[in-house]
Amino acid sequence: MASAGAAAPYYLPLGNEVELFLAAFSQRLPVLLKGPTGCGKTRFVEHMAWRIFNDEALVNAAVERPLTTISCHEDLTSTDLIGRYLFVNDSSDWIDGPLTSAVRHGGICYLDEIVEARKDTTVLIHSLTDHRRILPIDKLNQVLDAHPDFLLVISYNPGYQSILKDLKPSTRQRFMCLQFDYPSLEREAEIIRVESGIDPAQATTLAKVGLHIRNLREHGFEEGVSTRLLVYAGTLMREGVAPRQAADAALVHALSDDEEVQQAIADIVDVVWP
Amino acid sequence: MASAGAAAPYYLPLGNEVELFLAAFSQRLPVLLKGPTGCGKTRFVEHMAWRIFNDEALVNAAVERPLTTISCHEDLTSTDLIGRYLFVNDSSDWIDGPLTSAVRHGGICYLDEIVEARKDTTVLIHSLTDHRRILPIDKLNQVLDAHPDFLLVISYNPGYQSILKDLKPSTRQRFMCLQFDYPSLEREAEIIRVESGIDPAQATTLAKVGLHIRNLREHGFEEGVSTRLLVYAGTLMREGVAPRQAADAALVHALSDDEEVQQAIADIVDVVWP
Amino acid sequence: MASAGAAAPYYLPLGNEVELFLAAFSQRLPVLLKGPTGCGKTRFVEHMAWRIFNDEALVNAAVERPLTTISCHEDLTSTDLIGRYLFVNDSSDWIDGPLTSAVRHGGICYLDEIVEARKDTTVLIHSLTDHRRILPIDKLNQVLDAHPDFLLVISYNPGYQSILKDLKPSTRQRFMCLQFDYPSLEREAEIIRVESGIDPAQATTLAKVGLHIRNLREHGFEEGVSTRLLVYAGTLMREGVAPRQAADAALVHALSDDEEVQQAIADIVDVVWP
Amino acid sequence: MASAGAAAPYYLPLGNEVELFLAAFSQRLPVLLKGPTGCGKTRFVEHMAWRIFNDEALVNAAVERPLTTISCHEDLTSTDLIGRYLFVNDSSDWIDGPLTSAVRHGGICYLDEIVEARKDTTVLIHSLTDHRRILPIDKLNQVLDAHPDFLLVISYNPGYQSILKDLKPSTRQRFMCLQFDYPSLEREAEIIRVESGIDPAQATTLAKVGLHIRNLREHGFEEGVSTRLLVYAGTLMREGVAPRQAADAALVHALSDDEEVQQAIADIVDVVWP
Amino acid sequence: MASAGAAAPYYLPLGNEVELFLAAFSQRLPVLLKGPTGCGKTRFVEHMAWRIFNDEALVNAAVERPLTTISCHEDLTSTDLIGRYLFVNDSSDWIDGPLTSAVRHGGICYLDEIVEARKDTTVLIHSLTDHRRILPIDKLNQVLDAHPDFLLVISYNPGYQSILKDLKPSTRQRFMCLQFDYPSLEREAEIIRVESGIDPAQATTLAKVGLHIRNLREHGFEEGVSTRLLVYAGTLMREGVAPRQAADAALVHALSDDEEVQQAIADIVDVVWP
Amino acid sequence: MASAGAAAPYYLPLGNEVELFLAAFSQRLPVLLKGPTGCGKTRFVEHMAWRIFNDEALVNAAVERPLTTISCHEDLTSTDLIGRYLFVNDSSDWIDGPLTSAVRHGGICYLDEIVEARKDTTVLIHSLTDHRRILPIDKLNQVLDAHPDFLLVISYNPGYQSILKDLKPSTRQRFMCLQFDYPSLEREAEIIRVESGIDPAQATTLAKVGLHIRNLREHGFEEGVSTRLLVYAGTLMREGVAPRQAADAALVHALSDDEEVQQAIADIVDVVWP
């Protein structure tokens, strides 16, 4: 997690997303990040948290934890987010949940893959995302006013959004939206090079493989490939694994169990490393 | 939340809803607010709570909390509403839930999106919404008579009311109903101008965009656009974001994941900011 | 709730239901009340509780609480009805649930909308509704004999009784049954007049509107309109709201979200208040 | 519940069920009672418990509670049957559940409508119904040998036994079976006379009505009518209610919500009380 | 339960199952017993536990409890099997569950009808059934090595194994398998004679009836009849019940609710006891 | 479980999986093992844990527990993995769950059959499998940085991966993948010989039987046979059981309940041991 003194997490902007996020933060507009898996949404929000909370002009004061990330899932309860009493050694103490902590002390609270959360969680954030900016905590019989430097950010991947797991319009229409996609060939090659440590030519080859795999979407392979797996392939290569074997482990077998899809990916790899 | 001494929350009436609400409050008739997302139901009830509890002629006495808002969801239990014993440092105290608190001390209790609540919650309010005006609290073995200035208000959006999430007639026929819709073009432009701070011409342009987006309903985009998102677009523009980019973030991408719907919205935007 | 010393709750009999209830109480036969929503079942049982427990000839002694009403729902557990241990300040006390309290101290226990209850609740009442008249309380390891003046009354609305929510014959065949319907035109006008305070002519007009709305049943509007909503319309009129607007709020919009049904109801209203 | 000193509960045998039950008890064979609702299974087991535990030749010693009846339902847990620790005033005591209590102290344990119980309950009784006659109590880390005078009896109504709620053969084939049906006309008239107090002619008329209602089974009314409801009709008549009105309350309306079925029952009643 | 000093539980071998079980125990191979209900699987494992733990050559030392039987069902949790902390009188003690107890102290742990268990239970036994022979106990933060004389045995009836309740191959392929069927005519007659006390001719007649009932399988009666029910019929006969009546109670009515199946069984009985 | 001082668990490599795993560990890339049941995935990870944590060049320091294996199932909660407070004798202590323990102290944490786990478990590992390498522990209000020698390994069997139990791409694309299959004939014969103790000829015969059984896949028997069951058959043979009977117990009956499949397997066995 970005701590105020550390170097900014590496992030290569794709468009005007940095400027839009700064404008949103300036007015404390809640932000929704949309895009495919592994395209850099988590990195982006880490980068922005670092930038904003290291810039005295943007915030009231530095906060202890500029970013709190919560991976949502169907068993996440409102208690998990808000807090609970814990009974330790004959005394009971209230422990703020991660959302309450961010609301109270400021910083960005990032709910990753919000559509996976239970409905009580999504409803919980309503009062934080309109003019009220409050969080009711029933168990403390309190209504908490949000810290002036609190901002709520959520994300999801429209690629697997099913009918059953959709944001209700009454939730959705509380957020401005930044839409992400995979980086361009050049940018992705650069990311692979920096993160895996291989040379630029190999990095570009891997980025091209990634591009071709994503084009399989038209042939029924919807998921695409994340930049992360391309970095894994590069990492194995730098560790001395033969490129074809690295690609098998990090791409062909990692991406699918379906033999036809595996063959299609292998065909792409065979072109560059026969 | 409206506190008795603050200024009245901004609300621009659409019709006779203020007069009807006052008549309902006068006779303590429970009220149902129906209408699409983001059309101003929450604002309206905040406004009315402020007006009523700041007018000595309407109530018996000022109350500490004129309005308690509860966003309903499918995991909201009757215990959440009524209260529970909490064990803190070897002593156990009863903590009133938000509904009990309003019933005991007076004020409006507003159950937002009631159809999302579990059945035990909707049944709970039956005895508060007929001539009995009582709330049984089994865990205290008490029957609480409602404060003379208590009023129950509920809301829902008939647009997403499914067969499974419908108010039973035995619940529904306990409320008089105020039916809301989006504000007129002029009123909405005025709201956008006041809340985002942009100039009247830009506000009117955004209101017109909103009108056109709502007309997409005939083309399969049911949700419409809330006034809130139009205000967000205005806010980004006032922050210096180019209108077309502000519209992309606050409208085109925020409203839908469907490429065709996004294109249809973008087409509307292109007309005014090509 | 009727307390022994207060005036009898207002109730206008529809047929021989008062006499049949008295005969049932005399022999402590459990009673089932069937009928549509808002036709007066709750009022009737309040009225009978008042009459019976204010007449020394009918009961052994006055009881503290002549009537206990429990609105059933799918999360009502047997623990809710029977009671639980509560831990308060290092001591634990048994708290009778509302059913146990009535079984122990006498009075009518009224389970409203019994078909909404969970199966453990409906099975629970078996031993109270045959010759045994006992309530086993496992957590106290006790079997409680019912107070001689205890009577169990249940109700449901056959109109929404689904296959899934049906009384099992082994439960159902433990009750004699009083079948209710809406009051006649004259009776309903009288009720509207008394409860809303408007003049007899207006009350009769509202009762006629109710009759016509109920006839819509043949056109697919099954629920009818409760007397309560007609009283609400009258109440708004007495508060000075124009009749057409009162009817919109209390009838047209309150009864349905379906535009066609709303139009059909509006057409009925237009005839009397064009 | 039958206590050893009281008079035997009234029961009129239908066939050889008394002798078979005595033979089963003599060898401690578990017994299954099958038959329609309200045909007298509960009475029979109360009667047999009284007879057996009042006859020194049949048991080792009188027991405190000759019969423990448990109405099964889908929320009955094994904990409910076996027992639990209860924490009362800083001390915790083990409380035997009703099944454990009968296993420990002797007597008949009667699980009514066993097919409604959860699977953990039906599995629980396996070790009590073969040569082992033991009840493992995990929370006490004990295996309890059954009292020599313990017997397990279960019942169900094959009429509503669905595919989902069927006894597994591995459970079922642990019980000998007594199959019940409604009593003959003469026997039922006698039962109605004794229990309601009306004269023999009226009782016979009611028994005939019952016979005709049960014949409606061929016309789609599967449930038949219990002897209990016929007794209710007789009871209301003895209280002075006109026979036709008594039949409406105790039979026509009590048996069905379906207008056609109600009419068919009313037609039967009209023949005898036009 | 077999205790080391008692006589061996009666068991008549059907084939080489005793030798195979001894070979399996010798190498501590986990064993699966498959076969229809009531064919003697439980008896067999009791018999083998007695034999093995009374033979000093086969085990390291006698154990306190040679056999622990657990009837599986869908609510059996891993906590039930492994153990829990219990709070008794201000002190909390860890109580081994029955599986942990067997793993710790040695002996056979027999999970009857394993396919009824929840998935967490079946997964739990994985580490006990391969070369690891360990049981992780998370709540104690321990990994328990199995006692050298611990063996896991499971059973199920392939007759009702549904798609939903099937052992996963990853569980199944951890056990060698002994497949059981009903005993031969001669063997079953001998079992009936010994257990019910009737004479050999009657016992043979009952065994023949059993054989014919099992042949009904081809006519849609899948369950067959357990040896246990045939013993029940013999027991009733020895108590003086007429054979035809004993067969009705223990076979015809006990085996099925279906009138056609009951008639088919009655036809078989009529041949021998007309 | 491999302890640092013991001999390396027996494992015969099938290809380059050892080298790839070492490369992955070197860069701490999370690893997914895919393959059919009983093909040696668990052995492989035990072997690798032993090798890595016994080689000072590969790790920072020896760890107490080089490998923690967790069999996933649908009731495994995040609490089970992360830890809980336990109340023992009036004091409450935090007990690390097995995942937290590995994250804190180093070593490989192996989540076997990850697709069986609940969603909250799979989401839990996200922050451990990207550049963050952190584990948030809400109940301690801590974020735990992973030990430098911590590595996460998961496995599943694509053979039974259903639509409902699939890894989401956002989880899946966090792991490089090693794809396993059954060993070759020669290798499997060698494994059977070493583990069961039979002679090489018999071991080869059993390996051939295994190969033929796996070829039945084309005839609808999907599961194949694990090496483990072939070892069981060898073990029984070494215990003196006749080969044909050993094959019945360890293969024919153990692999399937379907008579046709059993016959097909028996046919294969008959060829070698007629």
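Each chain carries a letter (A, B, C, D, E and F) given by its place in the written order, and its residues are counted from 1.
Methods note: a contact is a pair of C-beta atoms (placed from the backbone, for glycine too) under 8 Å apart; a residue touches a chain by one contact, two chains touch by 3 or more.
Given the structure is predicted, the values throughout are model-derived calculations rather than measurements.
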When you check each chain against subunit C and subunit F, which touch both of them?
none
Keeping to the contact definition above, tell me which chains border both subunit D and subunit F.
E
Is the contact between copies subunit A and subunit B built from the same residues on both sides or from different ones, judged by whether over half of the numbers are shared?
different
Chain centre separation in whole Å, for subunit E relative to subunit D (CA means):
31
Cα centre of subunit C to Cα centre of subunit E, whole Å, reads 53
Nearest whole angstrom, what separates the Cα centre of subunit A from the Cα centre of subunit D?
61
Among all residues of subunit B, those touching at least two other chains are 87, 90
Should the pattern of chain-chain touching be classed as line, ring, star, complete or other?
ring
Please trace the ring of touching chains beginning with subunit C, moving first to subunit D, and write out the chain order.
C, D, E, F, A, B
Which of the residues in subunit D come into contact with subunit C in the complex?
1, 37-38, 42, 69, 71-76, 80, 86-90, 95-98, 101, 112-113, 116, 157, 159-160, 223, 225-226, 228-229, 232, 235-236, 239-241, 245, 248-250, 253-255, 257
Where on subunit B does subunit C make contact in their complex?
16, 19-20, 23-24, 26-27, 29, 32, 34, 77-78, 85, 87, 90-92, 118-120, 122-124, 126-127, 130, 132, 134, 136, 138-139, 141, 143, 158, 161, 168-170, 172-179
